[in-house]
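In the two complexes below, subunit A is the common chain; its partner is subunit B in one and subunit C in the other.
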Partner chain A sequence: MSNRKKAYTTTKSGHGIRQITSMRLFLPIVCLLAVLLVNVITTPNFFVISMSGNGVLSGYIVDVVNRASELVILAVGMTLVTAASGGQDISVGAVMAVAAAVCCQILSGGEVSVNSLANPIILGIVAAILASALCGAFNGFLVAKLNIQPMVATLILFTAGRGIAQLVTNGQITYIRVGSYQVMGGYIGKCPIPTPIFIAIAVVIIVSLILKKTALGLYIESVGINGTASRLVGLNSTMIKFLTYVICGVMAGIAGVVASSRIYSADANNIGLNLEMDAILAVALGGNVLGGGKFSLMGSVIGAYTIQALTTTLYAMSVKGDQLPVYKAIVVIIIVIIQSPVFKQFLANRKAKQASVVKGGN
Partner chain B sequence: MRKKILATALSLTMAATLLVGCGGGGQDASSDTASDKGGGDKKEIVVGFSQVGAESDWRTANSESMKSTFSEENGYKLIFDDAQQKQENQITAIRNFIQQEVNYIILAPVTETGWDTVLKEAKDAEIPVIIVDRMVEVSDDSLYTAWVGSNFKLEGQKACEWLKAYAEAKGMKEINIVDIQGTIGASAQIGRTEALNEAVKANGWNLVAQQTGEFTQAKGQEVMESILKKGDDINVVYCENDNEAFGAIDAIKAAGKTVGPDGDILVMSFDTVKDGITKTMEGEIICNTECNPLHGPRVEEIIKKLEDGATPDKQAYVKEGIYAHSDDVTKVTIDGTDYEVTKVTQEVIDKRAY
Partner chain C sequence: MENNVVLSMKDISKIFPGVKALQHVDFKLRKGEIHALMGENGAGKSTLIKVLTGVHALDGGEIRMEGFEEAIINKSPQDAQNHGISTVYQEVNLCPNLTVAENLFIGREPKKLGFIDWRLMNRKATELLRDLDIDAGATDKLEECSLAKQQMIAIARAVDMKCQVLILDEPTSSLDDEEVEKLFVLMRRLKKEGVGIIFVTHFLEQVYAVCDRITVLRNGELVGEYEIADLPRVELVAKMMGKDFDDLADIKSAHKALDKFEPIVEANGLGRKGSIRPFDFTVNKGEVVGLTGLLGSGRSELVRAIYGADKPDSGELLVKGKTVKINAPIDAMKLGMAYLPEDRKKDGILADLSVRENIIIALQAKKGMFHPMSRKEMEEAADKYIEMLQIKTASRETPIKSLSGGNQQKVIIGRWLLTNPDYLILDEPTRGIDIGTKTEIQKLVLDLADQGMAVTFISSEVEEMLRTCSRMGVLRDGKKVGEITGEDLSQEGIMKAIAGGGSDE
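Take a look at the complex of A and B:
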């Protein structure tokens, strides 16, 4: 009797739960929350946000959101590239370095370290974004026009990008020791919230608006699902693929300028180092299929925050530097497995089996 | 059609690479013959130097030291090769040196491993190889003649001894120290971390956190930002290079705390690059232990020994100083040897070679 009652209630409420669990973003959000909740036990003050001595917000959560900004921006570009071409742009880290180098070199006027600007900041930023858009266009040309595998095509700038950045900065780290250049990686005037957070949010909102208000999002998905079919119905699939690579390049440029502003310098060897892999991971953690087609921008954004939450969590837990990659890898494997279709199928089968057992029992 | 364009583009690139390669080689060869003509009556020692690149002030100073030591006035002919951070460029450079039959090869390796084959070729050609800065990991020690570089453990010991003496002088009751490590596995990180860990044990310091900043300003900033939330009692940060120290200082200031002798937190650093020593004078870095890039004179000593037919020591360390903001500590003693501490003034900065 009681058994039957329980079974009845679960099936009834199960309807609502299933609706939630079958949502696209359900698993990415659960993973992000799981990573964050570990801190409730290990670092009780993880969620405390306070005002620090000089009137800015301070707390681990602020760090997570702030430090993830570059990754969020990169993940937006990477999602579009992945969806349209079914491959990834592995040159974004190097393109970040190029953008930073171009920006700092223009602002310093060729000097290694300056205390005053040689050119207006806006000129440096525009030039940096143009340079990165050019890099994106180069990638896009190779992939969309010449039909080269995305990973192979972007491998060129992946290897050459840092060399180009070094060439621009003459192999030195160019420092711009000017307060106004540090705004993009720091704070706007007395605003207590770090600027990178605003930049990341603005980028996400603008891109999602473009995707929603124009048909671009739909076009990208259809090109990703079947390029030939899209062409036959009249979509210029080459152009759309090309466009996603340009957008991805621009995103890398914005991320590069933010990263450079944080350290008020262009460190060609280190800016965006290994970030391309994190960006791809963010796309995957967001529940997107790396083979292209349907995509969820918000998923990738959540994925990016998950990665940074993990890093900050490990810092907060004082995990030793040499063991850091191991813990990171373990958590990533778990998250990826949970989201894999095979695992989901396995869970669904088990549920079905259990349900049938319960039914059989009555 | 598309394939044809691609093929043309590819072959063009290949041709271009070949041309560039040949161009470089040709230049080297011509400069070499010129030197043969010039030094006809007096025996000139030809030295090939494969440098990592020019990524930092430190590296530039290192190259400068070699160039000024092995100058034509001193009776040398230096063939300088910038590898731009790539091991394959260095291997090519060494092979070029062997072909040009240089007398000595100096190598500042970009990585520790992967040198066996090319060093064997040099050994077979009977050209002594002197390694500078980073160490190489080879199966057979006889593949290189000598190594010149820094004693990273000693650097760490000097810094820790200085901190101990400074704490006594200033009457600091307890030391809550944070270690921002270098890239895990780099010899500088291993030596400097080891020295700190030993000092922490010996002196009963409280090691609040130990995390890698990967020798970069960005990571140093991010890691310090996170560590600062562990408590308000942190009073010393031990950064394993200057870039990390710059990042740590940024993070400390952003959190509304102060650095310096009268501030909340003392920042210690290593390497003493130009910006590093300037910050030491200002007090933002309280103590900066030098990692001397001036390897030239030590390498020359070894070459002179070899010229005389003697066997040089397998390992030679360069002399390295300790630079501090104040003169509260004038010297530190490690294993019975005294090391002088230099108080940084504008004069000291102007006198330095880099």
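Take a look at the complex of A and C:
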């Protein structure tokens, strides 16, 4: 999709290159490409996709796209929350755990480990999403209605969420050892492409459509840019902020179910652990201002894939798991600096200087 | 130093990037006087105070205090306090969770063996409060005291620190009449004890009730220092606004008179505590009604109460003869109202959004989330108003923040015209806009009225109001005090009404 956009601007005008570099998604895409480029050099077989013995696609790149799914889904919600409220929802990781716990508990009917379902899967999923929507509504109420800073408001569920999940599962890890439950985190029938990829794409498409086909996208940007002015033109700023938190909660719920399906269990302590920070990072890498206002959903999605590509790359370069954060941090620092206004200004100044030197020479 | 002069500021200049905030201002404060510092917003009152109290460094001039040989330099409010200058701000700068005594002595607690001597402190506090006739206990929590008492405690703290100069910066704006009177009693007492008081306020009545002298600033320059007896209210207003009576040629508007009165909006006793006292106000179809008064007199608050920007807490509102309930701006919009706010930057523009989005946002909000306008509709609407109002913009997709102030304002006007309102409220639509655009906007207002729109027009510029309005409501100190029509609609009539003076009420 991004490539098509690029081509379009190039053909439209003679100043194609400048137009491309000034595009919002330019830098996020460059960052993603840069990460991938490193792989071409260091891990030649990074882009090799093969059919493994059990009839599914495998390879690093498939792994990146597959593993990034939860993050992509979270990043969608986080983008909206950030745009409308100028703050972030740090409870999404914990809410994932709540959703997983609710889902598994309903499917197991209260048992610790089951080999058959106590309730239909759809019931579990709906309940999980309702529970996470409720968590989102709680956050939204604190932020939009009571005007509590997003970071502080969502800190409550960030801390309490995993406890609630433990409570739901009675402190056990609930296992659902049923093939049909593993579909969402695994494969649909004989389809060689992992299901989470489809779910992530579907979520992105549905949310994009909602933003496009209703005025919600414009409303969110207005409220994020200037809440008072938005109120005076007739927008219900409180309601719109609230809504973004509910959506963010639902996203966390979907991500939680996918994550739980991957390991066919509800592990309250580990599902979605530290994922909220990656989600926020994805929003930032996507070129979105964390202070709210205009946003790009696609940017965040690209950001999410970049982060996962980075993680997988480092694993491919056989960096040890516990050292991973250090390398990740270094790369993130570089990416964030490249995208910072100060650095852009610096580049612009240099360009201007060079231009003036050339002119002087003539 | 002159006899009796406790503070003299000479040739004070202060430059902020792009603005000359103060230019060669002189100010003198004598012992035992209450000296009002007057001027409209942006005149330089607060800058002068901030330079004096060391919040800002001065760029030129000198400050002398009695008892100091050299000119003094205040680098911080602490320095100023050591030189005997204390300030009490509009928002009380005390700690609400501490007791009255703790607040009085914070930072200079009486100590015994390195520990705070609580008994001595509470005793001294009680004495101080009794001395100044302040009805509060030393061990009461500050937050349990009324705002007026807190203000007086702040003053008591300043007085106890042996200040020679006491600055009261808008101390009365959140007090009711009775509390103001109590504050005045305290001020007069301090005056008797020889403290020089600088009183910054925009309430004319209060200036004449308590002050001895007035210094007027305008646009960062000194207009003059006057004895209160030599400066009638009308002249004070003229000096603040920068108009002299004699040069004022009356301009009568050529607007045609209404032949029938068809009220669009009628407010009966509408009011909101702390912002605008209950008022009656009617605007008819095809009529431009102005609201006049000094800044902060309640002009904006009045229209905000009608529009529901601040929810009124008393009275009723009729739109086209029907009683209506407005809880939020969207309700007012659905009744055909439109409101261009005073502060374009803060309340008007959506800076990062495009001109197109800024134009359609109000209509889109009115239509609701599930009825989005198509791209084509938006572009047509945007193009129509860019063309009609001659908005100078690179394209309709340019962010509004990169337009000039006047063009931003036109975008906001376009935004409201697009909603096709019956009643249009314009609060300072021409502030900070070049003269050409101003005239265009004035003409537009008259045209709209001729087409049957009811308009309320607020402006600080009297000429502009005279040119556009056929009737004018007058506000003073948060209260609508009267209306001017017909013959009285002249510069002089308006200024007299703004200044008031008791006889015309």
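Assume the second predicted complex is superposed on the first by the 347 of 362 C-alpha atoms of A that agree within 3 Å, B and C clash if a C-alpha of one lies under 4 Å from a C-alpha of the other, contacts with A are read in each partner's own complex, and residues count from 1 in each chain.
The rule we apply is simple: contacts are C-beta pairs under 8 Å (C-beta built on N, C-alpha and C of every residue); 3 or more make two chains touch, one makes a residue touch a chain.
Everything quoted here is computed from the prediction, not taken from an experiment.
S.K.: Using the superposition on subunit A, tell me whether subunit B and subunit C clash or fit.
M.R.: Here the two partners, once superposed via subunit A, fit next to each other without clashing.
S.K.: Quick one: classify A:Ser222 as touching subunit B (first), subunit C (second), both or neither.
M.R.: Touch status of A:Ser222: second partner only.
S.K.: In the superposed arrangement, does A:Gly293 touch subunit B (first), subunit C (second), both or neither?
M.R.: second
S.K.: Tell me which partner touches more residues of subunit A in the superposed arrangement, subunit B or subunit C.
M.R.: B
S.K.: Looking at A:Asn147 after the superposition, I want to know if it touches subunit B, subunit C, both of them or none. Which is it: first, second, both, neither?
M.R.: First partner only.
S.K.: Regarding the shared-chain residue A:Glu111, is it in contact with subunit B (first), subunit C (second), both, or neither?
M.R.: neither
S.K.: Looking at the superposed set of three chains, what is the minimum CA distance between subunit B and subunit C in Å?
M.R.: So the smallest C-alpha gap separating subunit B from subunit C comes to 14 Å.
S.K.: Name, in rising order, each residue of subunit B that touches subunit A in their complex.
M.R.: 2, 5-6, 53-57, 60, 84-85, 181, 184-185, 209-212, 214, 216-218, 221-223, 225-227, 229-230, 246-247, 250, 254-257, 275
S.K.: Provide the residue numbers of subunit A that touch subunit C in the complex, in ascending order.
M.R.: 213-216, 218-219, 221-222, 225-226, 228-236, 293-294
S.K.: For subunit C, which residues are in contact with subunit A within the complex?
M.R.: Subunit C residues touching subunit A: 309, 328-330, 333, 339, 341, 346-353, 357, 361-362, 364-373, 415.
S.K.: Write out the stretch or stretches of subunit A touching subunit B in their complex.
M.R.: 45, 52-56, 58-60, 63, 67, 113, 146-147, 163, 166, 170-173, 175, 186, 259, 262-263, 265, 267, 269-271, 312, 315-316, 318, 320-322, 324
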